[in-house]
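Note that the chains are named A, B, C, D and E in the order they appear, and that numbering of residues resets to 1 at the start of each chain.
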Amino acid sequence: QDVLVFAAASLKNALDDIGALYQKASGHKVTASYAASSVLAKQVENGAPADVFISADVDWVDYLDQRKLIKPETRINLLGNRLVLVAPKAEAAPLAITNGFPLAQRLGTGRLAVGDPAHVPAGKYARAALEHLGVWSSVADRLAPAASVREALALVSRGEAPFGIVYQTDAGVDPGVAIVGTFPADSYPPVIYPGAIVAGSENPNAVTFLGFLGGPSARSVFEHYGFTVLATPK
Amino acid sequence: MTLEIDVEKALGDFRLRARFSAGAGVTALFGHSGAGKSTLVNLIAGLERPDRGRIVAGGAVLFDDRRGIDVAPGRRRIGYIFQEGRLFPHLTVRQNLLYGRWFTRPADRYVTLAPVVDLLGLSSLLDRRPAALSGGEKQRVAIGRALLTSPRLLLMDEPLAALDQARRDEILPYVERLRDELRLPIVYVSHAIEEVTRLATTLVLIAGGTVAAAGPVDEITSRLDLQNLIGRYEAGTVIDGTVTAVDAAWHLAEVGFGGGRLLVPNLALPVGATVRVRIRARDIALALRPPEDVSILNVLPGRVVALGNADGGLIEVQVQAGTVLLVARITRKALDGLGIVPGQALYLMIKSITFDRHSLGQTMSG
Amino acid sequence: MTLEIDVEKALGDFRLRARFSAGAGVTALFGHSGAGKSTLVNLIAGLERPDRGRIVAGGAVLFDDRRGIDVAPGRRRIGYIFQEGRLFPHLTVRQNLLYGRWFTRPADRYVTLAPVVDLLGLSSLLDRRPAALSGGEKQRVAIGRALLTSPRLLLMDEPLAALDQARRDEILPYVERLRDELRLPIVYVSHAIEEVTRLATTLVLIAGGTVAAAGPVDEITSRLDLQNLIGRYEAGTVIDGTVTAVDAAWHLAEVGFGGGRLLVPNLALPVGATVRVRIRARDIALALRPPEDVSILNVLPGRVVALGNADGGLIEVQVQAGTVLLVARITRKALDGLGIVPGQALYLMIKSITFDRHSLGQTMSG
Amino acid sequence: MFDYTPDEVTAILLSLRVALWGMAGSLPLALLTAWVLSRCRFPGKTLVDGVVYLPLILPPVVTGYLLLLLLGRHGLIGAWLDHRFGIVFAFRWTGAAVASAVMGFPLLVQAIRLSLDAVDRRLEDAARTLGANGAWVFVTVTLPLVLPGILTGCILAYAKSLGEFGATITFVSNIPGQTQTLPLAIYTFTQVPGGETGAMRLTLVSVALALGAMVASGPLSRLISRRVQGRDAGN
Amino acid sequence: MFDYTPDEVTAILLSLRVALWGMAGSLPLALLTAWVLSRCRFPGKTLVDGVVYLPLILPPVVTGYLLLLLLGRHGLIGAWLDHRFGIVFAFRWTGAAVASAVMGFPLLVQAIRLSLDAVDRRLEDAARTLGANGAWVFVTVTLPLVLPGILTGCILAYAKSLGEFGATITFVSNIPGQTQTLPLAIYTFTQVPGGETGAMRLTLVSVALALGAMVASGPLSRLISRRVQGRDAGN
């Protein structure tokens, strides 16, 4: 039986590769539907035939958990990621990210591109980090909140915004930007991509696939794409 | 088949109030521009709804507001030739012509494509679309389209206005045949009194939205008080007669009527046929004694009944000839010169030629 | 102002090839339905482009393919009354009428709203939109709209076809005034030969896309070989004369012309005015000696020139009266009975009344 | 760059299927709606008008969510359809077609309505006097004369369907081979690093599909407008 | 539930401003484009046609990204505009208006074009013989007769603008008070757990704004269509 995975869109590259590996290993096909975590969660709530749900943040898994729509015992924290500060490659100059670092001054009249802190996970983490570092109040009204971390990255890459806060996984690959600083890991709650098996799924392969995701071959793929692999069963 | 109309309809400031009945044959609606002719025809066709009233055609009630009857236009089986053509732009001439046939039961069909195409001279136009037709050609197609529905009643709103005389002369006999052979009742709107008097059995004069006069066409046209509405120039008398002899050598037919006998050229009718002849007042000259050595063949004795109103130098003289009242229009100078007074006996001189094809029509053969 | 036309134009299978020139006054285009009249008028207006050729009006070259000239329609200052109205549906009657005025320099304006509204009887319609007009009313607005552009040349494509006789009788004198007082050249398409002969200086007969004949209207209408194209019924002769005396008591005017003198009733013209008179062949009777005691006032001596072809029982007789050639149409029986042969002297009897208003027109006063 | 993976080819074919079915499926209702809006007067007409515009007014995500609520497996109508007829839209290509139909509906209706408003009613009257009843008048006169509007509407709806993303992904998710249409596939590419070429490649297909349809419909559209305006040279 | 926060009120007003300016700004170009597509024949016309449809065909995110490429501060046209005229769209409401104009453009053009195709050319010819040159014919005859199409197109574009989300957020991001229009605010609500009521509340405003415009334009539209079809009773 094929496995249907509902996964956050940012996982596409990695999951596609892993899916192929899994099929080679087990003979079962993995189909993945990539969209925003919010969309996928609502669909699971409305009876989507998904087997595995992988979210880009904890909130939406909690949402389903509260509604008894996932099997809580299967929930694992799969991946982590790191927040970085990026600037357009041409104007990039390193900036030490410490308490009260001069982000506002460096922005000048420009804006700071982030995922929308209201709902985009990367934005939420960025806000937490900036608050922790005591610079949030100075940049709060200077944000350019984007619909996803990818769009925030595009704003920096196109030079619309002098700085942006994105995941390392995205920043590393974009030739238009340079990483000017990495946020200290303790400045924001850990970035977590949790996964779980959907309550309605009877598919035995879902369990094996979720296990496969924590396995060594998956780990190398994830790391290849820059993710931190947590894979600690909860 | 009779037509009974009693309707009212308001359109903006205009108010139509028409009440008349007409028997079989052609009912002509005659009146000035804006008098309400097209509005009336639209009501009969069912395209507009009377504010109140009743329309009965051949016993079938088409509209009656009291009884809540309003037959849909498509079920009235009325062929309507519109004043402005209204051809379907997306269909070819052939498709336009055949449009109504789809909706006519085969048993009801009495008109076929080929003769209509011939009659109207449309054979080379069949595959064109209306946009590529001349004004007259469009009107001919519209006529054909209405005929091919094989209607039970035909409404013709100035069907020949855009056509030249030659075309009219071809189409009018066909309309006459529809009227006579098929007994198709026709409501005919026209500005041309020749057409009206040639075709019509009943004449309805419309002025300012009301019926000024309605009745048999010969009665209405010889009424001196209506000459203004009809137009003095075209005024005349319509008489019905019978072919009593035919002179093949001279192409002359002798037509007997209440007032005597008339010689009519080029009348291709057999002895016994009934014909209608219109004699225009302006085509009659008066003489005190029978003229000699003139080319005028028709000279009828008569007696002056009345003199009409003078119109500048002209005056109408009503003359009784046998059982028929004729009107002559002559100069006042001639009237005085000849000393014509009511009661006087005299002779009517009518050029044969004035019985032209345009005012000749075969009357209902039954 | 002269008009020189030499154009070719193909529309589908139809091919127009027209070449003629016309002087001042009214140029009538006369021909059967589909002959190419509207196409020709469209070319003059600039709405269609000739395939090749040249159009010159009053010395101004409007089109010349060799010299690459093609004046835009809006700059030709040509008033065009379309066969199908073409009123602007979104504008009121007033706005339709005044549309062209915006584009006419004040110095060029010679027509104002009030008289045109009066003439055409539009005063109660000014605030309506075209959809609320009758067929004839629409046509009247279209006439007014074209006039109010104060054009240098007027194209009228069957402008009066939808109008009743009374309306025509009001509009035709106005057209004559445009022609005479303003010397406005007019190209006039019509099926009605009375209109044509009344108005036209030049007559262009069009048949099957080519010019069958073009020339002065009296010359063309009296040519026996063209009687078929014109329509036998309407055939006649046009003669120009001068008012030589006026008899106010009898409302008669005496008109002198090359063939003698004629008495014409109700002609409101002073002595010395030039007039045009059409005498239809069917309105002339022939007599061997002057008739007596008849109401016919006009009797002219003449001599038979030729006999035309017989048409069944009828035949045309060409008679020289003074300097003028007249055509009479009589029955063959009468011809034989009177023994009429070429060369014979006889008398033409013409009822005064037949010089009706419709075939009377004031000729160019210059 | 122009090597399309089997999944992508599937997405392309699926997109076409979804666009065509969505268009064809909504056409009858769109015609009816346009006709009612153009020809009938009734109280609450503005409301109907508003409902027709709704998919345009609402953010597509909201439309998709409403579809999910209504036509989802547990939805008001969805549950009933499933129960009574065994029809399921959720997470099937048919659902994508429904989303595409709904999103294209206002465009289709308004184009047809515009054409309907421009039809000369006197021609319909003429057809009625020739014996046609309401339905026949519509089929033989009105419909041919509004063909330009129908065609324009269809192309608009088709193009819209090729670009529709928000409602579809929200309603039926983004399942390759089932509901992953071209715009969804393109979106997925834009959400990962290095996806630009993939997105570009598929965008080109999308544009080609649209242009192809336009080129293909060109002669048809010229024919129709020539016929309706009657602007042909006679043969 | 109907207590709107100041930010929401700002979003509502901003939406209206963006919608109206987007519509008004694109109208002249839309008219010109529609006219060219309806009246001119030239090689490559299908291509122009395709370009007009592009915003419909492309997923909105892609359109937004292309706008960024073209009109961004360093974009091809954007850099020039900035340099020459100091016009910047990035993160400004004007950018949102541009996005809204671009997304509504195909709807506007096609509606106008449909009306243009239906105009009786013989009336334009008549106007030309009455002395009007091309421009005047357009203003006095063509334009009044295509008003129904313009009005329909404007309402479509306006409604679309009220729902437009993807291109706007990608091009000018989601800055409250600057570029956060209603659909963006609604979208934000749909992305957080429990945001349904907030989304619903704003959606109702959106629908009300659209219906309001429709009700307001109703008499105008009736007037126009009555005039154009000439269906008034005479006074």
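Going forward, a contact is a pair of C-beta atoms (placed from the backbone, for glycine too) under 8 Å apart; a residue touches a chain by one contact, two chains touch by 3 or more.
Values in this document were obtained by computation on a predicted structure and should not be read as measured data.
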Q) What is the minimum number of touch steps required to go from subunit A to subunit D? A) 1
Q: Have a look at where subunit B meets subunit C and say same if over half of the interface residue numbers show up on both copies, different if under half do.
A: same
**Q.** Chain whose mean Cα position lies farthest from subunit E
**A.** B
Q) Looking at every pair of chains, which has the largest contact count? A) B-C
Q) Distance from the CA centroid of subunit A to that of subunit B, rounded to the nearest Å? A) 91
Q. For subunit D and subunit E, what's the span in angstrom between their mean Cα positions?
A. 20
Q. With chain centres defined as C-alpha means, what is the inter-centre distance between subunit A and subunit E in Å?
A. 35
Q.
Just the number, please: Cα centre separation of subunit B and subunit C in whole Å.
A. 26
(Q) If I count partner chains per residue in subunit C, which residues reach a count of at least 2? (A) 11-13, 84, 128, 132
Q. On subunit A, where are the residues touching two or more other chains?
A. none
Q: Please list all residues of subunit D that touch 2 or more other chains.
A: 61, 65, 187, 190, 229, 233-235
Q. Quick one: in the complex, what on subunit A touches subunit D?
A. 4, 6, 9-10, 12-13, 31-35, 39-40, 42-43, 46-50, 148, 150, 169-170, 172-174, 225
(Q) Please output the residues of subunit E touching subunit D within their complex, sorted ascending. (A) 46-47, 49-50, 53-62, 65, 106-107, 110-111, 113-115, 117-118, 121, 148-149, 152, 155-156, 159-160, 162-166, 183, 186-187, 190, 199, 203, 206-207, 210-211, 214-215, 218, 225, 229
Q: In the complex, go through subunit E and note every residue touching subunit C.
A: 122-123, 125-133, 136-137, 140-141, 144-145, 227-235
Q) Where on subunit C is subunit E touching in the complex? A) 45-47, 72-80, 82, 84, 86, 88-90, 99-100, 102-104, 127-132, 145-146, 149
Q: In the complex, go through subunit E and note every residue touching subunit A.
A: 61, 65, 68-69, 72-75, 90-91, 166, 169-170, 173-175, 187-188, 190-193, 195
